[in-house]
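Below are the structure tokens for one structure; questions will follow.
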Amino acid sequence: MSNRLDEFEQYRTRMNDRIAQIDHLGIKRFFNLDSSAYHAGALDAKTKEMLGLVASLVLRCNDCVDYHILQCVDAMCSDEELYECFNIGLIVGGSIVIPHLRHAVESLDIARQHNVEA
Amino acid sequence: MSNRLDEFEQYRTRMNDRIAQIDHLGIKRFFNLDSSAYHAGALDAKTKEMLGLVASLVLRCNDCVDYHILQCVDAMCSDEELYECFNIGLIVGGSIVIPHLRHAVESLDIARQHNVEA
Amino acid sequence: MSNRLDEFEQYRTRMNDRIAQIDHLGIKRFFNLDSSAYHAGALDAKTKEMLGLVASLVLRCNDCVDYHILQCVDAMCSDEELYECFNIGLIVGGSIVIPHLRHAVESLDIARQHNVEA
Amino acid sequence: MSNRLDEFEQYRTRMNDRIAQIDHLGIKRFFNLDSSAYHAGALDAKTKEMLGLVASLVLRCNDCVDYHILQCVDAMCSDEELYECFNIGLIVGGSIVIPHLRHAVESLDIARQHNVEA
Amino acid sequence: MSNRLDEFEQYRTRMNDRIAQIDHLGIKRFFNLDSSAYHAGALDAKTKEMLGLVASLVLRCNDCVDYHILQCVDAMCSDEELYECFNIGLIVGGSIVIPHLRHAVESLDIARQHNVEA
Amino acid sequence: MSNRLDEFEQYRTRMNDRIAQIDHLGIKRFFNLDSSAYHAGALDAKTKEMLGLVASLVLRCNDCVDYHILQCVDAMCSDEELYECFNIGLIVGGSIVIPHLRHAVESLDIARQHNVEA
């Protein structure tokens, strides 16, 4: 069954392909750097995804929040760990983050439900 | 055939008319100043629109990105020039700009397709 | 008759309930602090809601703008007072605020129409 | 006796004069619009200065905070009223506002001391 | 021997005391919530401080960066772990973060030197 | 004769060297990508530096503004062209940009004086 996270992933894949097709060297290298930043190194991938999630919350980007929630779920973050990330994003960024917190909680619920159904 | 850029322009026109109708002197003067800022002067209109586009990307405003892409297309910016703007917006603003880059690339494709069909 | 402000309020209520259900102490306390900040004190509630509205405009959050417009209407702000808030938000935050100004003007019109019909 | 608010005002005056000397029509008109926005209208000047103060706090601009604190003091805001503005700025903008809150509290203390000494 | 981190900590302590003295209930509770957010819970204190550090970098607040670097050093983060945090802050926030990266690297060097001397 | 632009350049060089010494692959590649973004391509270097300048103004980063002003002066931008950039930065970013406009105008004056004396 389709949901807004699936639609986001399809749009993301389609447009990332289109951006790759443009073949701008700087943009392509930026995308590679961005991927590499979250590979396990001195910090494990799970911690890095949580760093990306909190950064996305305080910068108030729903698409980025959704992307990192999906990555965090894949990296085996528990709900309680993600709620801690949400709390830090909220306290650092303030009430202006609340609409993105609502979005994040809904996204997490969708992602968990999806895994149950899969 | 309608598309999201047409819908944006229709909404933009309708609400700008409504704002003019409110007749607040400060707001009206701001709108005039905003228009004037992009008129050719010491810099040509094409350069100014690209400045507006990059500012819109790093401030992560899709409506502003769409507006300036349409203006850039009218000012005869090439795809390669606009990709350079996208790249500078991306490097200055970081990966948090990526969702807006996806939007911008899609908007440019729609605008070019529209011109082919017109 | 339903409109986008009603839908926003329903979503807001539903997700705030879900967030309360999560039962994270820090998040719950933040929500309480946020509510308390707008209670009448050294400043009356109407002034505080206008402060929240202008803060929401310059931070460019449509959901927050809608929330505070509804609160301002309840607190008996006149259109002219709200237009002054819009103008200050616009001058402080610049043209990047314009899409949110369009949204705010539309939301105010919807809220007033709703009150007429109610 | 000199203090950092006096130094700020001297720098501000000197550079605003230099900007006026540049004689760019758009910039001059923007400065006029900015001044006009805080003149008494549907809202009184005191309320408008508090709106400017909270907007400055959430956008985290110390110079703008200092300017509006001085204007608020001139407009006869009480400490308690300003603390309410600080609180709303803090709750909306989050802990990232705290360094600016420290600055604001210090600026208010300097401004009050200055008035006692004058 | 004094350095800018010591001066920051002294100013921070002095002004936090002054803010406590103001005795605004909302502000006091916010400060308590802010402290609690970084206490060990579902995530350990070290991870939480790194979350605070990356949030501070992408929001481009030098004081907040310094505070969390000191906390991270206390929580036994290695240089390599902190460089990973810097890298994620840089890639998410873009080149506009670079001046704050320079500040962060200098702060970390000062903090390590301080610990060697202590 | 020393001035704040010279001091900025010395600090910038010293800390960029220190960052290179850290030898983090992701950070090094980001710095390379950042440099490459402003090399002449579909847009000439002068236009790209102006794009960087306006992006820096609306994101309100004084160090970035100083860097791009120096690059713009090297790329033979006239005062009138830079004032147009300042105006677009001001109108897009609003009055919160004014302290950075004051800084930018002062930096440009210092840079021009420096070139006369050199």
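Order of writing sets the labels: A, B, C, D, E and F. Residues in every chain begin at 1.
The criterion applied here is as follows: contacts are C-beta pairs under 8 Å (C-beta built on N, C-alpha and C of every residue); 3 or more make two chains touch, one makes a residue touch a chain.
Every value quoted in this text rests on a predicted model; they were computed, and no experiment measured them.
Asker: Looking at the contacts, which chains touch chain A and chain B alike?
Answerer: Looking at chain B and chain A together, the chains touching each of them are C, D, E, F.
Asker: To test your reading of the model: what rotation angle superimposes chain A on chain F by C-alpha positions, in degrees to the nearest 5?
Answerer: 180
Asker: Have a look at where chain C meets chain E and say same if over half of the interface residue numbers show up on both copies, different if under half do.
Answerer: Shared-number fraction above one half, so same.
Asker: Take the average of all CA coordinates in chain C, do the same for chain F, and state the distance between these two points in whole angstrom.
Answerer: 37
Asker: Quick one: chain D and chain F, Cα centre-to-centre, how many Å?
Answerer: 27
Asker: For chain A and chain E, what's the span in angstrom between their mean Cα positions?
Answerer: Their C-alpha centroids are separated by 24 Å.
Asker: Hey, what residues on chain F touch two or more of the other chains?
Answerer: 26, 30, 33-34, 37, 55-56, 58-59, 83-84, 87, 90-93, 95-96 - these are the residues of chain F that touch more than one other chain.
Asker: Assign the assembly's chain-to-chain touch graph to one of these shapes: line, ring, star, complete, other.
Answerer: The chain contacts form a complete graph, every chain touching every other.
Asker: Where on chain E is chain F touching in the complex?
Answerer: 60, 79, 83-84, 86-87, 90-91, 95-96, 98-99, 101-102, 105-106, 109
Asker: Could you please specify the touching residues of chain B with respect to chain E in the complex?
Answerer: My answer: residues 58, 90-97.
Asker: Applying the document's contact rule, which stretches of chain A touch chain E when the two form their complex?
Answerer: 33-34, 37-38, 41-43, 47-48, 50-52, 54-56, 58-59, 78, 80-81, 83-85, 87-89, 91-93
Asker: Which positions of chain D touch chain F when the two form their complex?
Answerer: It is residues 11-12, 15-16, 18-19, 22, 24, 26-27, 30-31, 34, 55-56, 59, 61, 63-64 of chain D that touch chain F.
Asker: Would you tell me which residues of chain B are touching chain D in their complex?
Answerer: 25-26, 29-30, 33, 36-37
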